[in-house]
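One chain, subunit A, appears in both complexes that follow, with subunit B as partner in the first and subunit C in the second.
Coming up: the complex of A and B.
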């Protein structure tokens, strides 16, 4: 057979070769951080971070994800402790994949929903179930959802490091930390005023 | 009210916060992890902010404005403890100092939340919320590094041994100690040191680190009276470099 010259097809052969083993990453494990910014708002996924332990992740998360703006508390969980569903196809509900509820009792699970690509997961509620898949089947009826859910996360309630009511004092000192916003220093105004005096 | 005693108390606390805040800011861009870098930056901002609040209390009592007080005094007029001005060195010493210093400041401001001087009582209550995070952060590092690899334990132990005499210097008695206690302005350095020793022992007790007998440690005093190490003046020169390049400029 003639040699195929199309570079796209040439590259295909690479896929058949075994991939070289990846070196182990010299990095700490990742954790996911959820923040409650106001009483009326649900816990919302803000991002992830690297840390050595769950407690250290909580320590870092406080400054990484709540150093500006108002905050009432944070939840942190190891990324590998979150059960993550597939993404639902257009307009379908991910809950269509979780219909068999084998009994809604057992461990407590926190359930998070993402409704639209590009938005963050928000806390939908807590359910009891034996497994994360069962938790979703139970959540299907137990938790409200204003529209079809694109993607859901489930984590055992006991695997989270949640801020305690006592720790809320850490966020109540200066709720709006404007001094941490570059805009609050009004440097442009000062530069303009300075230029005006020079002309 | 004994204004002289109160001013002495406010000056040493404000100077501690300012110098410790500046040292913390020196970690920015150099932290062992990005997340730690951010934590140090926030702690630095908190401490400098706390020093400003205390300098403002001094201004209300007739002292010069906070910028002048912070940037125009020579080392001999500063009342921070020598502990706060020591160079950061490696992360082991820095985090050990934060643990020892932040625990002292947290309980100092908790005691001051009952001060008979109301303006001080108010700022102290506000500070304890902020410093609660600082000690959460420091305690976690001490527990983690103090109970991990052989190298980490050895380094943290040597940092602890080096830091302790200076840490005790934080509790250098004021010439007005009894007046402060009698007037209810502050419960006093000895009362604070007793609480501090209990808290430090409690955390260190959860690690593989060893605390020497307290009475065997010779405290390094002097800072409260303006007798500093050779490290303070270069720090002040650097801190005031911009403001002193154009004295009187509006910022």
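Coming up: the complex of A and C.
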């Protein structure tokens, strides 16, 4: 085998003994992350992650989903704390399944909609209701929807870790980190000058 | 970064006989209409299985791909290069996490995927089994290997599985920075001092043929993937992606006064296709089966990380023990 000149060291012999089998393939719980990137944009689902606690998930979410551009806030919730509806077929509104509104009071729920397959869920609003199913029945009339909703997620407002207004400061300098941006690596002048020396 | 979707098993229509034909027809009609498939939709077993395999290999490639560049962070020439490379390597590891999540929505847990990687049961992009001897090798990877990955990823982002497409859209935005960063690094070496220039040329000579292999074996000897193409799991053939990359990047390499170590390389103006000396496909087979220069080292490093992180995982699992694992949503 070639000698590796990777500068650190030849790492092949670091672990010789085989690893013991993992006792069980235990997974950390998963969390869902929502980001508000601009004032005029709704909270949008950005993706999932693994963490041990809600607070750790929040820290990871900041690293994973807000490295670039602007960010006004992050919401994180455990996946199992979200109520998920079926996926409706096109043109069918998932709200057709939630018609009976009991009293619209009680706990506060955040409701997210997906309008088209392949797109991300966005925040539609908050409603009060005793259960997530009831929340959807209440949302049916209370929340605006420009077109039929294909799939909805509902989570108790209190189960989210939401960034506070003071925490917004942690994103203040993100746009200044130009070393992460394509725009900071211009080559045109260098190449032009090089070509001039060649001809 | 990534090499993509050439490690499929032979798929034959026979595998679909057991499926519910009505559901299968509805599934295919949905894809034909250009709609995405979402995690809770019905899907044929073969679709699920091949997607898991492809997305998982992609995720592993991001992790392993971060290793050759990662070793250069501390020796990158200057603060600015260190910052840029660190940001890039962080992105790559982030890509792996996005992809593991997308694969998890199909029912394979992240822990199982990582376990399969470190025990040699999974594949990843072949190119990362070659060593990065000098800083110039790292620059080659940042620019040209990532460029190849972008060709694959842009194609795959038009695929049929919603969570994979969404992950790829995020990834492609970050790749545009990787590409520019890499091009900047290569440009400064190629137009620098004679020694820098020579260093860049030598790295290019080392990586040329592994780079051609990156896109997978020629279509005429590849496993049949018609069903996967019809289901938009695989979008472009190996030859198509290779040709796209040659078309976009050979002129840019030449522009920097570098030479490509192949006398036969030329664009046939009649066919519009590039002609080139084929890489050694026997070597490709050897490397992918574990006999490349760095296969053992790459997995040893992952095993080291696994071992050193064990106590941390155990400690935080205690806190998490009251939570039940459920697959992520999208």
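The rule is simple: the second predicted complex is superposed on the first by the 153 of 199 C-alpha atoms of A that agree within 3 Å, B and C clash if a C-alpha of one lies under 4 Å from a C-alpha of the other, contacts with A are read in each partner's own complex, and residues count from 1 in each chain.
In this text, contacts are C-beta pairs under 8 Å (C-beta built on N, C-alpha and C of every residue); 3 or more make two chains touch, one makes a residue touch a chain.
Because the structure is predicted, anything quoted here is derived from the model rather than measured.
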With both complexes overlaid on chain A, does A:50 touch subunit B (first), subunit C (second), both or neither?
both
Just subunit B (first), just subunit C (second), both, or neither: which does A:32 touch?
second
Which of subunit B and subunit C A:181 touches, first, second, both or neither
second
What is the contact status of A:62 with respect to subunit B (first) and subunit C (second): first, second, both, or neither?
first
Could you tell me if A:97 is touching subunit B, subunit C, both of them or neither one (first, second, both, neither)?
neither
Touching A:126, do we find subunit B (first), subunit C (second), both, or neither?
neither
Under the stated touch criterion, which partner chain does A:167 make contact with: subunit B (first), subunit C (second), both, or neither?
first
On subunit A, which partner's contacts cover more residues, subunit B's or subunit C's?
C
Does subunit B (first) or subunit C (second) touch A:70, or do both, or does neither?
neither
Taking the contacts subunit A makes with subunit B in one complex and with subunit C in the other, which residues are shared?
28, 49-53, 56, 63-64, 67, 179-180
Mind pulling up the subunit C residues that touch subunit A in the complex?
35-38, 40-41, 68, 71-72, 74-75, 80, 83-84, 87, 90-91, 94, 97-98, 101, 104, 109-112, 115, 118, 131-134, 162, 165-167, 170, 173-174, 176-177, 179-181, 183-184, 187-188, 190-191, 255-257, 293-294, 296-297, 300-301, 303-304, 306-307, 316-317, 319-320, 323-330
Using the touch definition from the top, list the residues of subunit A that touch subunit C in their complex.
1-2, 4-8, 10-15, 19, 22, 25-30, 32, 45-53, 56, 63-64, 67-68, 78-80, 82, 84, 86-87, 90, 117-118, 120-121, 151, 153, 177, 179-187, 190-191, 193-195, 198
Residue ranges of subunit A in contact with subunit B within the complex:
28, 49-53, 55-56, 59-60, 62-64, 67, 167, 169-174, 179-180
Residue set of subunit B touching subunit A in the complex reads 33-36, 38-39, 41-42, 45, 49, 126-130, 132-133, 136-137, 140-141, 144
